[in-house]
Amino acid sequence: MEISEFTEVMLAAKEDAGLTFQDLAKKVGLSEVYVAALFYGQAKAAEDVAEKIASELGLDEDFQKFMVDFPDKGLGPVVPTDPLIYRFYEIMQVYGYPIKAIIHEKFGDGIMSAIDYTMDIEKVEDPKGDRVKVTMCGKFLPYKVW
Amino acid sequence: MEISEFTEVMLAAKEDAGLTFQDLAKKVGLSEVYVAALFYGQAKAAEDVAEKIASELGLDEDFQKFMVDFPDKGLGPVVPTDPLIYRFYEIMQVYGYPIKAIIHEKFGDGIMSAIDYTMDIEKVEDPKGDRVKVTMCGKFLPYKVW
Amino acid sequence: MEISEFTEVMLAAKEDAGLTFQDLAKKVGLSEVYVAALFYGQAKAAEDVAEKIASELGLDEDFQKFMVDFPDKGLGPVVPTDPLIYRFYEIMQVYGYPIKAIIHEKFGDGIMSAIDYTMDIEKVEDPKGDRVKVTMCGKFLPYKVW
Amino acid sequence: MEISEFTEVMLAAKEDAGLTFQDLAKKVGLSEVYVAALFYGQAKAAEDVAEKIASELGLDEDFQKFMVDFPDKGLGPVVPTDPLIYRFYEIMQVYGYPIKAIIHEKFGDGIMSAIDYTMDIEKVEDPKGDRVKVTMCGKFLPYKVW
Amino acid sequence: MEISEFTEVMLAAKEDAGLTFQDLAKKVGLSEVYVAALFYGQAKAAEDVAEKIASELGLDEDFQKFMVDFPDKGLGPVVPTDPLIYRFYEIMQVYGYPIKAIIHEKFGDGIMSAIDYTMDIEKVEDPKGDRVKVTMCGKFLPYKVW
Amino acid sequence: MEISEFTEVMLAAKEDAGLTFQDLAKKVGLSEVYVAALFYGQAKAAEDVAEKIASELGLDEDFQKFMVDFPDKGLGPVVPTDPLIYRFYEIMQVYGYPIKAIIHEKFGDGIMSAIDYTMDIEKVEDPKGDRVKVTMCGKFLPYKVW
Amino acid sequence: MEISEFTEVMLAAKEDAGLTFQDLAKKVGLSEVYVAALFYGQAKAAEDVAEKIASELGLDEDFQKFMVDFPDKGLGPVVPTDPLIYRFYEIMQVYGYPIKAIIHEKFGDGIMSAIDYTMDIEKVEDPKGDRVKVTMCGKFLPYKVW
Amino acid sequence: MEISEFTEVMLAAKEDAGLTFQDLAKKVGLSEVYVAALFYGQAKAAEDVAEKIASELGLDEDFQKFMVDFPDKGLGPVVPTDPLIYRFYEIMQVYGYPIKAIIHEKFGDGIMSAIDYTMDIEKVEDPKGDRVKVTMCGKFLPYKVW
Amino acid sequence: MEISEFTEVMLAAKEDAGLTFQDLAKKVGLSEVYVAALFYGQAKAAEDVAEKIASELGLDEDFQKFMVDFPDKGLGPVVPTDPLIYRFYEIMQVYGYPIKAIIHEKFGDGIMSAIDYTMDIEKVEDPKGDRVKVTMCGKFLPYKVW
Amino acid sequence: MEISEFTEVMLAAKEDAGLTFQDLAKKVGLSEVYVAALFYGQAKAAEDVAEKIASELGLDEDFQKFMVDFPDKGLGPVVPTDPLIYRFYEIMQVYGYPIKAIIHEKFGDGIMSAIDYTMDIEKVEDPKGDRVKVTMCGKFLPYKVW
């Protein structure tokens, strides 16, 4: 099964079930971003999580198996064309070096892990227009000196 | 003056002055990420801010002028090679569609602005290894229907 | 359903129905560019709009659903090969920096939104050859200083 | 002389002279976008226009000559990284096919010329936030059938 | 129908009918290059031309319709790999600037239209080896000064 | 010496001398496109031709030598950004396969040489707008069967 | 029929028939590289050759026709990933300019034809390890001076 | 020193000395392709070879040292634009898979080494036009099975 | 059969059989990396090995044949997007030149073979977090001087 | 200072000092790969290490400072052209998925860190030809489930 087929069916099933990512996240005890990542074949579920999701969405074993597989990560073109996703690319291009300079100043030579990593997306209500708040939190990994 | 020359001199002057981005940020009443963005020619300073920074760093008028110019934004290769910056590219590639799905679910069809946007970088101490916390906060812009 | 399949069927149905984008736009109370964007899976319709269009074109629920989905935007190769579309790429390449300089002079550091955005395409009759007039109108978004 | 050197000096001279593109445009009887295009080496000036601009900005003959040269057009990377310019790329990617469909419907098989072409940028004041209005107007060129 | 399917069937039908592009061109009163462009979905036929070609080749209405559609132009990779087509890319790369210099000298700042354009391919017999003569003829379009 | 420096000086000298490519071509007994190719470092001159051109333009031996060198051919980006040169790229993309089909039909499997090749650019006066006529003439090279 | 399908069936049929390219080459009076090129849709067979090969391999008329078609040449990615094929790319990158310098010195300004061209692959036995000997032989084509 | 500077001086010195690659090759006991590779910084000379070449060409120690350095190999763009060099790219693209198939048939799974490798370029006189004969000879390296 | 189909079935069969790569490797007397390479169509099996694997996994002759075919090597995009695989790309980018400098210092001008090559992946238990140990061992191939 | 200038001077100084990377590594108590990475601006030295290296090589404070800077990592083109470095790219392309499959099987969903990472390069003497042994050892980082 191609990732895109998997995702299409999963999203349709979720819509039919009238569930949000938040709803599903609560049912399986995970965060909503992680659950969304499962829908796009970008994260791996434990057996029981996959089973619960498949059962909530009324999907057969193939889908359950797919979630347990270790995924081939990375989706979309080299430079994203979708405007929503592109903005994150733009942030990386415009603020990438400033971020690097600040992490270096605070932590030293190293990186923020994208593996030992969590992220959260919140809606911040604001009379001048609601805001999207994305919180990324990754372990600092210092370069090993050997 | 090339951006890279500007940055090199600015960073050296800051180091000689023994100032952190945080120090400079406080002196000019801006956030540290914004100040770092100024160092990389990715943001524009108001006249008085540019003057204050140039004077703190002992730099001449050319540098002050450069900060006031409206910058030509975007730095580095199409796919970043620096590991620290690459991790943000990877997050966009792995979590881009999940982020899109969640923003859509919470807000509808639109994007998080990268212009009406702030970001913050914190050190979260953790006995298992300190963590980098990056908070992005952009206005939600709904697609206009016309 | 792939976007290209969706578009092919939609365009054929529109031709069979003998309707222009202008006709459809009037029926649903939207602009013709927005309606054309719906045909290419680049914009999202409200439920009732999707229903009206599907019924006008005699298409089933799958098509109606597709229009209500939040679309994965961006079509075609990195550099467009179609001559009509390429001309807009060429305008961006030749006049991009001049446009940036003028917007900066008139507005300050910021961008024209492509989200809070409308566009209009008119035929201007001219004895020396008719002209295409494209009017783009987007909200100016000033860079937030934080 | 490289285009970038030319542009840098021209822009600095204009700033020193305290002139806007609009001011210069009036003095030489051209539109402001065309004048800005001259500053970026993307358009060609008539001898007298070049002379007038060079004299207004206090620049020597090399700069005057450069404006009269026929330019090597096209600036910046394949996909623009500057957010302001990128938005025009995004518009081309998201609305390219819809634009094509509408031009086709109104005019038949052909293109909007980017050569027999004018463009105008206006500030539209709006209590909800000022808007940028870009008007492109190019001759329709029908594909010759031979 | 994909362009490649369309082309494959059209070429096979033409071969079965024992017709050259020249034969077909005469029957429909067009040039042979234009007719070949129709076969590759790169040009648009008038209704009666499409009908005549479909009937000559014994093809059904789908094919006739396809020729009347406004085509999505541009075929093959960014840099062509086929040696015959590559030679035209090479000519553009090696002689592009010289051509530009000469057109400029003869006509001023502008371009040769690829839309108000005809082309012709002839066999020139030569005892030292026959030669291919390609004649391109496009309207000169001067850059509008506005 | 870089090609671009060479070209810049050559073009300036030609302008100062008030000579067209046609003038120079007559003086040295070559076609004007070939002479223009020499100016862009894309063709090689015989010793006496180089000497005559250098003397006509009042340039020293370095320039004479450069014309006699065997050049490193190919100029500009992979996809040309200059609108005049781009049109030839567009012709190759839109008409490449049709050209291939016709050459094949007239000659068999092979190519038009871009080496044993001449080209000519003429101005064709036309009341509806002058036309650029480009004639390419290359030896047909049949694929050797071995 | 896609080239890849054609190739897959042809290779399987050859294996079933227990024939080497050398065997087939002898049967049809061509070199083995040319025959292999036929298998990959990169060369064109005369009618009788195609017939003989199809009959040797027990394949039907579709395959015979495919060999007689004039092929769309060039296979694989821009930079080959297969290690065997990559080595030829590497040779071109490392030794390309040296080869150019030597051909120039021996022949003057021109190229080795890849059309009026033959190639041969031999196994040279060697106690220190057998060697692959590839002999390329193409007509020298001098640049025409016109 | 950049490779291009090194090459430019080396080639000029060789021309002034009136020596061919063949002449130099004989003097130092190497093949002419290897010597040409030294000129382009693509191969490494033994100390005595470098000394002899530098002395033959009247060049100082910097050049001698450069030849002894271990080079950073690979020159020119990803797809070569020079027509002579491009033909080798084309051969790799058109005949790459056929070559692979034949080497496989004769040798098994493995590659022709581009390291334990020699190459030779000869002029083959021919009344129908002289031919370039390039002989590549590399050790066959079978994939190790482990 | 596409490589991806082959791999999908092979992996599923292995999972159903409850076998690790290590188990299979022991059964056929090969290393586990080599066996994994077979699963991804990147290595070639001897007849008996292919037979044994197919029988262990309960797969038919098509799969057995596929393993015996000589593979078309190289998988995935030019820059890998999968984070695990990307880290090896990053190592090549960050440590490539240092590795080259050290190999050169220890061995002279040449390469580590990726053909006469073995690799091993081990789990090194560590209280601070287990480590992945990858051992690459390739024959040093000195550049032949000829 | 550009990285390439830094590297060129550092390597020349090391050669003049007659020191190997191994020698330097012992003097500063680091591994030789890490020291080589310092030479290419890919790693960061502690103050005392930088001082010791600068003093061993007789280099001034600028070089010492450069080593203490936090580096902008990643060198060379997207696909390396140097044959030695390319082989590591090839290993990643050919064995990337097999490596991923094995790491997954042994460790679960995660990656080998390229940050908490060491590497070692040894010469393994072998009568059939010495071998290069590269040992990579990185911490396994399991994907955090959140």
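Labels for the chains are A, B, C, D, E, F, G, H, I and J, by order of writing; each one numbers its residues from 1.
Going forward, a residue touches a chain if its C-beta (ideal position, glycine included) is under 8 Å from a C-beta of that chain, and two chains touch if they have at least 3 such contacts.
Computed from a prediction, not measured in an experiment: that's the story for all the values here.
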item	value
Pair of chains joined by more contacts [C-beta pairs], C-D or H-I	C-D
Distance between chain centroids, defined by C-alpha means - subunit B, subunit H (Å)	47
Between subunit B and subunit I, centroid-to-centroid distance (C-alpha), Å	41
Centroid distance [mean C-alpha coordinates] between subunit D and subunit B, Å	29
Sites on subunit C at which at least two other chains make contact	33, 73-75, 78-83, 90, 93-94, 100, 104, 110-111, 113-117, 141
Each pair of chains that touches, named by its two labels	A-B, A-C, A-D, A-I, A-J, B-C, B-D, B-I, B-J, C-D, C-E, C-F, D-E, D-F, E-F, E-G, E-H, F-G, F-H, G-H, G-I, G-J, H-I, H-J, I-J
Contact set on subunit C toward subunit F in their complex	79, 81, 83, 86, 90, 93-94
Of all residues in subunit D, those that touch subunit F in their complex	72-75, 78, 114-115
Subunit C contact footprint on subunit D (complex, rising order)	7, 11, 20-22, 32-33, 36-37, 39-40, 42, 73-76, 78-80, 82-85, 87-107, 110-114, 116-117, 119, 121, 123-124, 126, 128-141
Footprint of subunit J on subunit A - complex, ascending	30-31, 33-34, 43-44, 46, 70-71, 100, 104, 108-111, 113, 115-118, 141-146
Residues of subunit B defined as touching subunit J within the complex	77, 79-84
